[in-house]
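All chains are identified by letter, namely A, B, C and D, in their written order; residue positions are counted from 1 within each chain.
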């Protein structure tokens, strides 16, 4: 009983963590699932998103004259939500730029896409270092979602729950978009046969452009959400891309539900080991992956993927 | 990729040229502003990349955690020297053996997988080894690394040569490089080589012809892991220490970069060219600018975008175009 | 000159031909930059091995600024022994393997006379090993790992930062009396973390406190929520955290979010200025160590800060911190040692450094400092600080105590450090 | 008894029954045909017979030995080889390499890492012979990927022949071929009949009726009738179905 009392908070915590992981993996999942591109720049775009948001929130009055002053006068909450919308869009455009570079690699060995984005990751990380410096930065969160609250005897971070809740929102939105809109249908079709998409008379290259942009925007969004927890530094993306990888492998390529379930699963595993075998908390997710993949060829819910041949 | 039915001699002209170039290296390396130690590292990574390309280029298996076996080799070499006996051959043996062992173990999980899941599993295992190398610090020295690894003499029974100087070490490393090159060249023109290339092109048909695809994939992985181990062992000699970061995802990514920049997908020599370019570019950029990573990434993106077959591919294309234009000149009345 | 050359050739080549371009640039620039001073009376070349990328990029930059300022001041006075001082910097990427290569390159190709700079102990080890082999004097400016002046010490290596043991010494006893006897350790699960926590543990137990629990967090941990929950469940009086690098940055942020910085009491190891500068002060919870602070009320400090601001008018960091200070002091002392030795001969300079004594005034610290000849670690004043909530945005620390070197000496360093004999250290006189 | 027998095979994908109560037997030295409209389950049946899929129920017996659910490679090594409807070649290899890799001499030395393939004259001759048979001799060193369609079909069969099978399965060998190419293929098959037992899946009835000694008709995943071409021509069902009109 006492043990359960101890365990409970860690379960809660593990689930929140898991939702965050799922959010991190979301954009990566979309790109890999639909375009069969393993986007190793996911991490640095994740970081870029946070940096851009930080800049937008902290715009100095003098930058844009009266407009700037009016903006700077806005309550923190408004500026934050503004950044939450604008930053992903901007980074999404960067993503589209990257997609142009990727075009040459379509239909070739998927390796090339993977390595191109590996190069891009380096470039973006260095650009961040040049623009914002290599120092530790802080992404300010509005007071409404900052601070902590006490819940049966333990202190919990309000922001963490906001973040988890936001992840749920984002996940549901994306799911609705994929399942309940014609665009979603097309995207899913594109995921499984580009033949069919062409047959539908849809411009495949434009589809790819948008999907990639969208996936990257999601990466940026995750970056903004994670920055107040992980902190912000040019190479923070590395911490994002590996879990994303893992979760996709675990959930199965091209499976939306899989990614979400896997995210939560990883979160729980890390959370619980963190409490009872903390030194293995990082290792645990790899073990989990190896265990699952050894028995389930395509992760939990994976479908056959072109990337397998 | 070069055909099997063409004449495949033990030694070919490109080999002789490469060997000659490298043998003479110590004579001119300083005068072009390079330094001996860099030569050592380059050749070591050439060996690593060659072994890795057996997996990536010839069998088409995307393995992204190969730094792990390089690292295992380095640690195995170091530990054998520090705790067992100071002997070069023992060290090399341990390096190759334990890397192969690790590889074989992982390969048993991997070999019925393909494509992205193969890649992801290799990454996961790579991370596990990396993690262990830090975690198990009583054995490995953790993030401080395994230090003061001796460079044992090269004992040939009748004579024993000291490898203390980087130049002596270079020639030893070069010797192993030569053996590896000849060995691999032979291997890829052997029946085994033909089979793995077949697996790359069409795994299913290869099985239907009656080959045990799993076993071949397993064997290739183990083999290339042991070569990675060999390289790692030499690396431990060169650095006289072994560090966890050679096992990190980045190090593993870099060897993939070398192979692709060089053109490993289309040429036996790709990895060799790639390793050389990689280190030269990196060493210069690193010394020239704080932002070397930026230029490095751009360069890399450019190669993938404009010459995905890598340098060797570009070269082959050039030669081909030459030939064609020549042919056109020969018969001016065509068309 | 090499730098300009290379940058130029970089920009010059069109994308499409990038590879051959770079290849050409490589050779071109190499040929162009064959060392100026092969030997003899050319300038003294100093190789700077501070990190410019990776985890410690930021501290590395600050470290390097310190060295460069010291060098600039000497050059202004006409250099050392009448020789100008030039520097070559190579990014060690916070990666030991790169550290060795960088050291090999600087020694064999650039023929440097001395090597300076490190933040990560791994890199410092790698460099010092190559340096020892060649007899090149190497200054570890900023790695605070006890192993540096312990089991991994070298005759050619001199360590200028206070280490985990020193800070523990300074912190533990007074924390034990003020906050309580029930301690919990949070330890980064790698060598540095374990050493630091071990030091704390022994001190705590010696002083009659108890360690109720130790949480090991793997290197690379970004989410400390479960750790923090665990701490709340254990309810210790004091948490002594030996968490470093990015892990520490992440942890700080999460502790701040929970407002757990005050209760329980936290004992952190050293907080490097570049890591905390510009952060909100609630990121700076608990008690932590440092070797120097720009607001110390001591003669010379104000002037030092002014010189910094004059030389680096447009760095984000408006005031120098401990990392800069260590980089500066190390380089300064080395150059002085060369001058007094009257030669760059490594043995002579080593002897000078081993008997180095620097007055409190020169060090801008409260106590005289001296080099321990047995461990090659600078014995210096250790300060304990805590967040300064009142002050302006630069004045982040409140110094709460200063301890004389002898009171905080790293007890088991001398036992574990086995320096190579001078005789086994090759003579090196560039 | 027959060289190859399938005894009441069942195959389900999920809840969809694809094969039901399939009983087939192929006599040595004969050409047997399996026909039926598209989607009747012919190819699935083939895949079950050659080990690509395990049947849910039933037995596959080759030369008196139960080979049900054996891995494709083991079945192949027992002397059963097949061609594919969707072509499955080694496109980066030269034509002769495609055959060479199937040659038993090469296969048995598969783990040999030092011997040169090209030096193995026995294997080379064997490969050359196969190419002779399928009429690709003069294209031996062209790249398989760049062959015209008809030649690729021929090579598809060549690869299957290389392993000296006792039983040869051909999956829709005529698909995509023109009239005279089909005619040439028919000659080739008759020629092969001297050496091999052959099973052909076809929907081109003329082709099949011209060659096969006996034919099984599969529809809705079941064998609805079997017999010699003449018997089938007489068969009510075949006549009623459009299949008959073709023949």
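By definition in this document, a residue touches a chain if its C-beta (ideal position, glycine included) is under 8 Å from a C-beta of that chain, and two chains touch if they have at least 3 such contacts.
Please read all numbers here as calculations on a predicted model, not as lab measurements.
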Chain whose mean Cα position lies farthest from chain C: D
Between chain B and chain D, what is the gap in Å from one C-alpha centre to the other? 42
Gap in Å, rounded to a whole number, between the CA centres of chain D and chain C: 73
Using the average of all C-alpha atoms in each chain as its centre, how far is it in Å between chain A and chain C? 35
Centre-of-Cα separation between chain B and chain A, whole angstrom: 33
Sites on chain C at which at least two other chains make contact: 53, 189, 218
Where does chain A touch two or more other chains at once, residue-wise? 126, 129, 279, 282-283
If we use the touch criterion from the header, which chain pairs count as touching? A-B, A-C, B-C, B-D
Note which residues of chain B are touching chain A in the complex, please. 56, 60, 62, 109, 112-117, 119-121, 123-125, 127-128, 131, 135, 203, 249, 253, 256-257, 260, 265, 291, 293-294, 296-301, 304-306, 308
In the complex, go through chain B and note every residue touching chain D. 1, 3-8, 186-187, 189-195, 197-198, 200-202, 204-213, 216, 219
What does chain D use to touch chain B in their complex? 50, 52, 71-74, 76-77, 81-82, 84, 88-94, 96-97, 100-102, 106-107, 109-118, 120, 124, 141, 159, 162-163
Could you pull out which chain C residues touch chain A in their complex? 53-55, 57-58, 61, 189, 215-218, 220-223, 225-227, 229-230, 232-233, 246, 249-250, 252-254, 257-260, 274-280, 283, 316-317
Residues on chain C engaged by chain B in the complex (per definition of touch): 2-3, 5-7, 10, 15-16, 18-19, 22-23, 25-27, 29-34, 52-53, 88, 90-91, 95-97, 100-102, 104-105, 108-109, 120-122, 125-126, 129, 133, 145, 147, 152, 189-192, 194, 218-219
